[in-house]
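To keep things simple, chains are lettered A, B and C as they appear, and every chain counts its residues starting from 1.
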Amino acid sequence: MKPNVVLRLILKDWRLQRRVIILSIAAGAIALATLLMRGQTPVVIGAVFFFISIIFCACLLPITNIVNERKKQTLPFLMSLPISSSRYGAAKLLSTFGMFLVPWLTLVVAALYMIVGRHILPNGTIPTMLILANLPFIGFCLITGTTLVAESEGWANAAVAVVNSSYWLVWYLLVSHVPSLTRNWAGPVAVWSPEVVRILVVQFAIVLLILALTLYAQSRKRNFI
Amino acid sequence: MNDYAIELSGVCKSYRFFDLQNIALRLNCGTIMGLIGPNGAGKSTTIRILMGLVYPDRGEVRVLGHCIPDAQVAAKWDIGFASDDMRLYDSMTLGWHINFLKSIYSSWDDAYAHLLLKRFGLNAEQKIKGLSHGQRVKAALLLVFARRPKLLMLDEPTTGLDPVARHEILRELTSVMAEEGRSVLFSSQNTQDIEQISDQITFIDRGRIIDSVDKELYLDRWRRLRLEVPDGIQLPTLPGVIGIRQTGRLAVAIANAFEPHLPNAYENSGARVHAVENMTLEEIFVANVEHSREEVKA
Amino acid sequence: MAHQAPEVSVRLGILAAISPLGQLRGDGLDLRVEPVVGDHPVDVSVVLRARSIDPVLLTQSLHSPRSFQFPQKKCLTSDSTVYTVHIQMFVISQTDKRPMYLQIMEQMKQRIAVGDWAAGQAIPSIRQLAVDIGVSVITVKRAYLELEREGVIVTRQGKGCFVALDSNVGARIREQELAQHLEQAVRSAAMMGLSPKNLERRIRAIYERVADAEKEPV
């Protein structure tokens, strides 16, 4: 049985990015701690700080994990291993995702806790909160996909710039065109209106599409050096 | 199972300022091939194509019987690769790299790895960023050697190494031949290295293969003849002689298809042969490249 | 702690002869290596290889037999200890104008002529010698082919390569060398325009000079 090279590469990435991973976990922990404090202000500060650190992770991780292989010229070493470019791309995607999921899931769980456990916000905000939390996730997918396919810092930075500047635009568009997002905010019950469900499904589909396109583009590459 | 570790035919690759044209190459199993050529000739590109790092525009590539790039994963289990533009992870130790490769390759020979650490004077606990250039090169080569791969493809393995390190690397390369069925392809700027350990030599210049030959036969075909040309004697053009340089009454003829009767032919024409000298690979290389460039122009 | 001195076997890398050369003593291993060559300095790599110790590597240039000392903690008192001694037999010069295969041939002939390699003795295989000197297999193959053609060595299918049984091999080699030297001398003389009589006279003069030098009291 040949050892799983993809798994080894993922573990290798996590080992190499140990510092970044620990930093992002620390940022999440700090934000969580402030969220747990009494009073309104810490909650707001904590939430904002947390959100910003998520977005920061979404930008930083693809660059350190993906672009560095080319910058530090370790790509030939990796590609000399028994692996194809598609498997390499898959390994990179999985390892980068793994690193991002830690802070992102913490965000979602913390937000749910705030709402359901601490009642800081009414339950009606749950659908909206989910949709909001998915935005940096989609942004991350886009940045990671672009970075992996283009493998250049320039493209990565461009993707970061485009994604970061569009968060508020997308949110504004959603809020202004989908009234059910804000209508049931104050309610004690989470209302899963058809529009909300549709938006969630579309978000999920977008993520899958980005991943599929990335893997496809990666498999069509003809020059790795 | 093939008799050839490497087979290239009709391989072409176009870049903006450089073209690899119609590369045809064969490496017999169990031999060492030295790839020699000026800078920018296409040595690195050829090796990259063999490793599946670059896809050719046209042509067939087979390594250890596998079609590249389709079956590159299967091939790479048995190939060890190192190039001079390849780097290891700066922030990790050499020992980490060893363990990383150990976890992937079952052919890893730990005892041999430790012996090489001592022989090369490397410390497994040391981080790559703390190594000098020569030590980095040796570290990358150690990672290749200790796996005992069936085929080694090395792009300029001795470039930038001090004479002792070069000697060590050459010894390890020749020791690969102790096991039958293992092959080496390496490119080098150093003609001495190629001349010493290659069984087969391939010349490449400006994207074309000029020659790919058995080393001993090849070295035997080339001679430099030192001639004395008395006044009034015209040196004949003889087959097998690719160039004559004459200043005053002394001339030097370079032959690339030497026959034992060649000196007699000159003697018969009235010139005197002072010496018939073997040429080093470096001299052959320069003469060969210049000659082929003239032929292309004509 | 006293140990029973085990049988230590040392394998000489090329000659494939196994002989006990070392003795394990209370304070370490005293390994005595005798290079099997004349007065050529020989590169010797002594590798101490045994279970649970890192291989100990030592490279020396030997002119005469000498002892290596390995301290106790590098030794293992086990009767399966094998100490491998590797001796490089030939030195190939890159700056020598002659092709490598000729250098190899000449050095092999010298070994035979001085008696280091006896008639009928097994010699390293082509691959072994190539790995040992650090040259290409094809160069050694050529040297062996030429030597076989000259009748200096023989290859027995499946058994390996041996020095020819012809007991005159040494003498024949010397004869060949002399013939080569004479031919060179004659060619140089012809180029200078010397007559055969003139050359004869000069050879006689040298002969007498050498004979006188040998008669001189030391």
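The rule is simple: a residue touches a chain if its C-beta (ideal position, glycine included) is under 8 Å from a C-beta of that chain, and two chains touch if they have at least 3 such contacts.
Quick caveat, the model's predicted, so the values are computed rather than measured.
In a view that ignores subunit B, the other chains are joined by touching into A | C.
Closest to the middle of the protein, by Cα centroid, lies chain B.
In terms of the distance between Cα centroids, subunit A is separated most widely from C. Here the spacing of subunit A and subunit C, counted between their Cα centres, is 69 Å. Spacing of subunit B relative to subunit C, judged by their CA centroids, is 30 angstrom.
Subunit A and subunit B have CA centres that are 48 Å apart.
Against subunit B, the residues of subunit A that register as touching in their complex are 2-3, 5, 8, 12, 16, 72-74, 76-77, 79-84, 87, 222-225.
Note for the complex: subunit C touches subunit B at residues 47, 54-55, 57, 92, 94, 97-101, 127-128, 130-131, 134-139, 142, 191. By the touch criterion stated above, subunit B contacts subunit A in their complex at residues 48, 51-55, 69, 72-74, 76-77, 79-83, 85-92, 100, 103-104, 106, 140.
Residues of subunit B touching subunit C in their complex: 31-32, 111, 114-115, 118-119, 167, 170-171, 174-175, 177-178, 180, 192, 195-200, 214-216, 219-220, 272, 274, 277-278.
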